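I'd like to ask you about the structure that follows.
We just call them A, B and C in the order they show up, numbering each chain from 1.
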């Protein structure tokens, strides 16, 4: 029982990290109506950036975010402007291929510079732990969770308390209408993509401390993140956050109760079950297309 | 209308010429390096053509077709092992069975995946592929897990080794093209194109969209499963991450986009251009993984410079030339 | 005997009642107008009849058979066709191909419909000629003018020979010359046996064409009868002016 409880607590804490990564992904979908298949690769890229700063300059991984988040933000804006904005016809399909290609390119570059050996970022807080009841929790999970909570909070503040956030929400609701009322949708899209990348950088750091990773790790990650945002309902931030927490708790409990090798499988089982009952996801609105 | 007949005759002659050339290719150039490249190119001609039936005609992009590819390979491998079939020509007889099993599984996956519209469908296919990979790794007692699954050894040696596989892949590519061609000309195919253009409108004129989509998905997956099974026998030892390989899945998609989405010959053209290029890159840069970077650069260039693919772009160019030809058919104007 | 009978139909979207206990009866053989102020629930009624949205309550019978709960493709199979407010055609199919898409067979049996392929082609060409758009037979739907799209959509829906066709604003956004052609073709199709139910805002179009008019307001029927009688009904004037 203690094991299950421990798994549940760990699930919530890691779920926070997935919530952050997934909210970047669902934000990008909401604003641009594209699926960024490269999101996992960008998280891994974030992990490598922090890894380099930590290994070569001994910068604490959490502190390195001060550098990596702005860098990834700018990279995101560039990627959007160069590769996504030019897509005029058949955007939905082509953007999947473009972002997939970006993922392959990043995987290849990382493989070229770092080989495919597994790496992990280490710090004192990834071994030190403190007791809660019958079990101990490593500090990094708490720090990671708090970091993600802070960033998610900042995103929500930005969305609901600033004019620019209003423009983002308007674009998410209806792209054409937003354009009609004078919102620069291209600019909003570029910045939203940048924000998505910045969250990927933050997620990447925590992922890089709590997991070993190599350039190919993005495949597993992106299939989880995509499953989460489908479950939460495409374009729903709240849905993505709740789905991330629920999924990670279920996964961690499965790992304890059944077996770790089957833990990832529950993602698919739940995805199938949810789609059978609610094809639009848990929180998604049923989209009536052009009727 | 003579012009139309001329065009048809020209097409038929060209087709016969290409087919003859592919039939005798191993006799012209029997070295295994060439035939190996030919086996893989034909494999992708088949894969891209099969993918196009779902992604091109119906407009539902599947990034999980590598799952069907791998499933077909495992299905054949397990069948051969269970039935103790020895290496030789006999395993080829079981290829349709592997295809049928793949089709059955696709029917199951499609049953729920096609409840969703395009955006969610893409995601479900990706998730499906990785779950299949996971299953292949975890069901150790069945698949051998990460240790891999062996096929019976093909008895052929030297330059002849590739030849049976060459003809098997050729047969499947021709089968795929025949299926694709007959779908394109049928009322069913027209229904698929209608779904791609406007699914609700298609429903309003009686197209049973769900049954049509599912059928296209199953046909597409069955072809891919058969090709995967031949691939498995060709490489004789398969591992989860190399046979349920996302790169195979994305490659067939990009070939279709390069050649021309939803056209009959686009996938063929895309495969004939990209697969040799991919093999060349893997051969020269494979060790450094730089080939992935180059490959992705090729993709990005293709998508940005020619988003509609070669065949539609060229077709438009020709139409434009014709239209601007001065007073060519002024008398025929209505 | 009515061809289509709608009883106590209701539909709410959240707190908004779009269709409220609505009862309609469409006789066979006529051209019936369905009119009402903006937002009175006309298009929603179309969507409910054709299975595009699920009703909350009510029953719909067509040719004395219950059709509620059927999907749009099954409704078309039973013999009810429809057009959309902003003409919807398949933009990447040619005009001729657009006419070849409709099928009146369900599920997997539709896969194998194609036996009379060449018959169907000549029938489609006849339809294009009837609508006077045969010159664009080979042009892509997306390249047609709005008027041509309207005609093409009408032609497509007629191809499989539905007994009843619901037209959503057939006169919307169409120039006067074309309007005349559309009205004329509808009369011809009607005389050949197709029943029409028309949602339309252009009153002179409705009054000229329709044998009967039904007025809905706030999701329910408030008047019906011959066009002239309905025009002077005080309840109708109230709905239009007081709404």
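Some notes on this structure:
Basically, a residue touches a chain if its C-beta (ideal position, glycine included) is under 8 Å from a C-beta of that chain, and two chains touch if they have at least 3 such contacts.
No experiment lies behind these values; they were computed from the predicted model shown.
With centres computed as the average of Cα coordinates, no chain lies farther from chain B than C. Chain nearest the geometric middle of the protein is B, using mean C-alpha positions.
Once the centre of each chain is set as its mean CA position, chain B and chain C turn out to be 41 Å apart.
Mean C-alpha positions place chain A and chain C at a centre distance of 47 Å.
Remark: chain A and chain B have CA centroids separated by 32 Å (rounded to whole angstrom). Under the contact definition stated at the top, the residues of chain C that touch 2 or more other chains are 52, 88.
Under the contact definition stated at the top, the residues of chain B that touch 2 or more other chains are 198, 200. Within chain A, the positions touching two or more other chains are listed as 290-291. Across the interface of their complex, chain C is touched by residues 186-188, 190-191, 193-194, 196-198, 200-209, 211-212, 215, 334 of chain B. The part of chain A that touches chain B in the complex is made up of residues 29, 33, 35, 37, 83, 86-90, 92-94, 96-98, 100-102, 104-105, 107-109, 111-112, 116, 215, 219-220, 222-223, 226-227, 229-230, 234, 261-262, 264-265, 267-268, 271-272, 275-276, 279, 281, 287, 289-291.
Residues of chain C touching chain B in their complex: 50, 52, 71-74, 76-77, 81-82, 84, 88-93, 97, 100-108, 110-114, 117, 135, 141, 156-157, 159-160. For chain B in complex with chain A, the touching residues are 55, 59, 61, 63, 112-113, 115-120, 122-124, 126-131, 134-135, 137-138, 198-200, 246-247, 250, 253-254, 257, 261, 288-297, 299-300, 303-304, 307-308.
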